[in-house]
Amino acid sequence: MKTAVAPGAQLLDVPTPIPPRDGALVKIKSVSICGTDFHVYSWDAWAQGRVKPPVTMGHEWAGEVVKVGPECQSLKVGDYVSGESHKVCGHCLQCRTGQGHVCQNTKIFGVDVNGCFAEYFAVPEASVIHNAPRVPPEIACMQDPLGNAVHAALAGDIIGKSVAVLGCGPIGLFAIAVCRAVGAGPVFASDTTEYRLDLARALGADTLARVTDDDIEQMVKGTTGGQGVDVVLEMSGAPVAIQQAMRLARPGGRVSLMGIPSRAVSLDIAEDVIFKGLTVQGIVGRRLYDTWYTMKALLASGKLDVSPILTHKLPFEEFRAGMDLMRSGQCGKVVLTL
Amino acid sequence: MKTAVAPGAQLLDVPTPIPPRDGALVKIKSVSICGTDFHVYSWDAWAQGRVKPPVTMGHEWAGEVVKVGPECQSLKVGDYVSGESHKVCGHCLQCRTGQGHVCQNTKIFGVDVNGCFAEYFAVPEASVIHNAPRVPPEIACMQDPLGNAVHAALAGDIIGKSVAVLGCGPIGLFAIAVCRAVGAGPVFASDTTEYRLDLARALGADTLARVTDDDIEQMVKGTTGGQGVDVVLEMSGAPVAIQQAMRLARPGGRVSLMGIPSRAVSLDIAEDVIFKGLTVQGIVGRRLYDTWYTMKALLASGKLDVSPILTHKLPFEEFRAGMDLMRSGQCGKVVLTL
Amino acid sequence: MKTAVAPGAQLLDVPTPIPPRDGALVKIKSVSICGTDFHVYSWDAWAQGRVKPPVTMGHEWAGEVVKVGPECQSLKVGDYVSGESHKVCGHCLQCRTGQGHVCQNTKIFGVDVNGCFAEYFAVPEASVIHNAPRVPPEIACMQDPLGNAVHAALAGDIIGKSVAVLGCGPIGLFAIAVCRAVGAGPVFASDTTEYRLDLARALGADTLARVTDDDIEQMVKGTTGGQGVDVVLEMSGAPVAIQQAMRLARPGGRVSLMGIPSRAVSLDIAEDVIFKGLTVQGIVGRRLYDTWYTMKALLASGKLDVSPILTHKLPFEEFRAGMDLMRSGQCGKVVLTL
Amino acid sequence: MKTAVAPGAQLLDVPTPIPPRDGALVKIKSVSICGTDFHVYSWDAWAQGRVKPPVTMGHEWAGEVVKVGPECQSLKVGDYVSGESHKVCGHCLQCRTGQGHVCQNTKIFGVDVNGCFAEYFAVPEASVIHNAPRVPPEIACMQDPLGNAVHAALAGDIIGKSVAVLGCGPIGLFAIAVCRAVGAGPVFASDTTEYRLDLARALGADTLARVTDDDIEQMVKGTTGGQGVDVVLEMSGAPVAIQQAMRLARPGGRVSLMGIPSRAVSLDIAEDVIFKGLTVQGIVGRRLYDTWYTMKALLASGKLDVSPILTHKLPFEEFRAGMDLMRSGQCGKVVLTL
């Protein structure tokens, strides 16, 4: 729990929360650490501007319903569930027209309201989804970030399409796994570290490019008859990679931008976007709840295996070690178990 | 070659055809036998009304370009190619708006104009597609019917969707393989024969229903919480299966009809189509050429393995034995090699 | 109010309902009579099987919020609102994936739960939409059935498309007005009565066909170069019209079925659906809430003028005269004002 | 005709061209001057790098077929036709998958090959479309640039959507007319000149913003509840307008970029694209031939009236006066008649 306006967090005894009238109390089994959690833990500028301690951190979870509110209709005690990190309003234009992922009144669990890094988590049913029984909690808790990758990969045609994934952090790695599971064509992947490129290879990327050492543009052009790939999934947020994304896509292709750049990016709109007839998408969150249903089916069928991305599993009490791993970059996803 | 207005066909020495100005001469390596070829060979009522012998039969092929016409732009000698069975006009509303598969001036190779059951085949470049090098001719020649299955399966959302495939003839079997390759959810398959259900199992169908013995509606409802499947691919053409297709689909689902019924079908439009908000699609041919590019990528990546459906491979001269196999129904696809 | 298990209805003094926690109490200004209301009033077989009196009838309304529940977030006193007739669950697969119009737990206001034929109406905010100020209550109350027409017309490409509207009851007439407002191509309309064809003409239909007297198939083929129309909107429910719909659509076209047939319909699936590559859609309800936002914008801009369809406006007390008009068929929409 | 590597052009007697085998000879009735023609005429840097005189200029035309080639299938003498300015290859990935507007082998009539500023124009049938009889040549010749606007406006949902059109040159003006014809919601328009804003008003724009004087962002936010518009059509090419386009779109909205900036543009990708979940499209050319069919229907129905944009009509011989008008910016479209 984030208790003070300072770096770090504390493990505290707190009263068990009460389920909302239209929600449930969940006994948490596994959680995973998001980059956002690390920002909050580190107390960086963004966190200082947004988070008002005390707040229970965390928004990636799997657990079991142990109590339900009086008006809860879709959950019952014993249900094995996970949930969406965006607590959306349900009433705005976006929520009412299938764009809840850009709800203008979104609150994020563990940032704006209490989250799931705790023994018990009180959550409205609108934020909950039933897990497939065959998917263990340590995998199920990662569905929120996995959903980012599913959303990005499936934001346009992907079956049989060639794909470049720029940035092999956890979401980039998830994206590679998703592409493999849904019959994408050749997958190119780039990153700055050998550690992550090794993971990319394990997940089935066909061609790996180490940033600065390898020329991914040359590699892509060579394999695609000079055209470029059908789809670019930009997961790094590096301005130079965003520029590259526009060049890597073939005329008529798609660029899905998910990695958040920290400054403005200068683009050759004429040559790289207009004359090529590109479609460029800002990708945030997950389609509520199309992404979740698709993801659940992919996991349940065994087609989508993301276990190599779960590189570290620690007891919940060792959350500080988990945060240290996040800082090091020498990890995929870090899961904490209760 | 179909030479007479009678059942059967003859293997004859004929002059090598001349490539069209905007096309090529292809040396055929493998062909496969379509149900349509069997109709022509058997000289049934449909064939008698449509085919004007003499005509070289066949429209499923793979081969190598050995000569090109003076205005041919996209092919060169040595290219490894296959092609679309529908020779479309290119000028009608449908051809000009991405619906060439329902071109109103379509001619079919091997039916309306000379086809590919021959040593050499003259074909316009507009009907040709380059094969992936790693796909052998005996598989590449089956892409026309495989394309029917790709078209049907991908005619709406399929990733993560539950699917029922009704009818496990070659195209139904192809459809099962495609669903597996692109990350569909659970796949249910029905047929009347054990032989074909065994093939369906080998290709990865999760649940098999033998028609009359098993109640597929019960099976589907049991697995899908009473909802029905997201997608039904009707490949049998049996009127009773078409009726069943409408009941098997969940509210908001999709029914793609490809199997051709021989008589009118009575449907409960109110309950089974309107109140369920179904989408029902007539599927014919292949998207020109989106289907072909997607199929090529799926085959090239190794994700789509249709080799179990190639149950019989014969020398070209033994085409009569191939036709006998077609009559027996104890086969998947029958390929003839030159 | 429907008070007894018998034909008819009564106007009674009842306690003012209490707004739901997450809803509002609305003072009704105008309501319109749906065919469903007439079924309930007439107490036909369907109504006898479904409706449990006493129930306040009606589900097409416009009014003003006069009180809100303690958890209501999107409404405030004074808001000028209308609402959706389908009270959907919000939790099922369909509700969570943009298909709330086929929610499997739908209740209909005025049928399954109390409706709006009353001075005050208690309604959850999830069922309410804000009206455009310039649209008067007598028009705003018709948005639920108008939404059926918007949903049907916009269920596929419509801009620049030729359209046949079969059946010129209120929803067919609305559909003609919508087609005109959104730049459809030529609109053909058919009905059995001169009264309704006159309304169709007033709304801008280009070609009128009186059923049995005129041959709409011939008219359509003559105008479309033998092709058929791009889009058929079947609004009559007559089995013969549903069969005709399939023949009227061009190869690659769309048939949207909204009129409910009272018995099974025999279709030539091979010729009329599969070989033509048709898309046939069951249309029910309205997209929640895409249809409502689009409709609101069309009404607010003045592009969509449905006032000719409002043929009769009566004081609320004269609801029996309104029901008599419904029985006669000599009306468009009948509106009751309070 | 462009005869020399210098500014200007000459009217010369040349031999009547021969129709291609698969094309026609057209007697030109009207042409219109594109900005591209003005670049060629002015002999700017772009023209010097691309055009190889002598070349007959021009690619916006309407005329009558007077002769057909021996293999031409879709045209006959007397046909009233116009055509697409992009001569596409028909064989590349893009051409074969419905993206011919970004064909990688495109040649432009009047730039790379002989064009239509002549008495007779030889053109392949693949580039020709039949005109609606009720549309006069002086309007029909403008369909190529009108098609840009149709393509841009219809590149996503537009019915009932609020729209901002940035830049009221001819294509921006066309876009306003298209939005009005297809039932868009409120239309905001911006430009630097009063002359063009007056035209925008005449075409039905609801709100006008004079660049630098008026704050369009404030106007849009005020009218849309702070959200921004659903759709931005960027037609100016000004870098500052491209940046503004991203801010003007609401979360979940669409930005279609058509105006060509002359230098790189710096964008706040994080705030303006990713967190808003925007779709940004590069728009070039016209969908072949979906755009043309839709445009034809809109013109034929009389719904789309672009005559106010035709501000100047001159005899063909006065082409120099037309070019002067282009230079002045005090014009909509300039048409030359033969």
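Letters A, B, C and D mark the chains in the order given here, with residues in each chain numbered from 1 onward.
We take it that a residue touches a chain if its C-beta (ideal position, glycine included) is under 8 Å from a C-beta of that chain, and two chains touch if they have at least 3 such contacts.
Nothing here was measured: the structure is a model prediction, and the numbers come from that model.
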item: More contacts between chains, B-C or A-B; value: B-C
item: Rounded Å distance between chain B and chain C, as computed from the means of their C-alpha atoms; value: 41
item: Chain D residues counted as touching two or more neighbouring chains; value: 93, 97, 293
item: Chain-level touch network, classified as line, ring, star, complete or other; value: complete
item: Residues of chain D defined as touching chain A within the complex; value: 93-94, 97, 99, 101-102, 104, 227, 242, 250-252, 257-258, 260-262, 264-270, 273-285
item: Contact set on chain D toward chain C in their complex; value: 154, 158-162, 181-186, 293-298, 300-301, 303-304
item: Chain D contact footprint on chain B (complex, rising order); value: 73-74, 89-91, 93, 96-98, 125-126, 288-290, 293
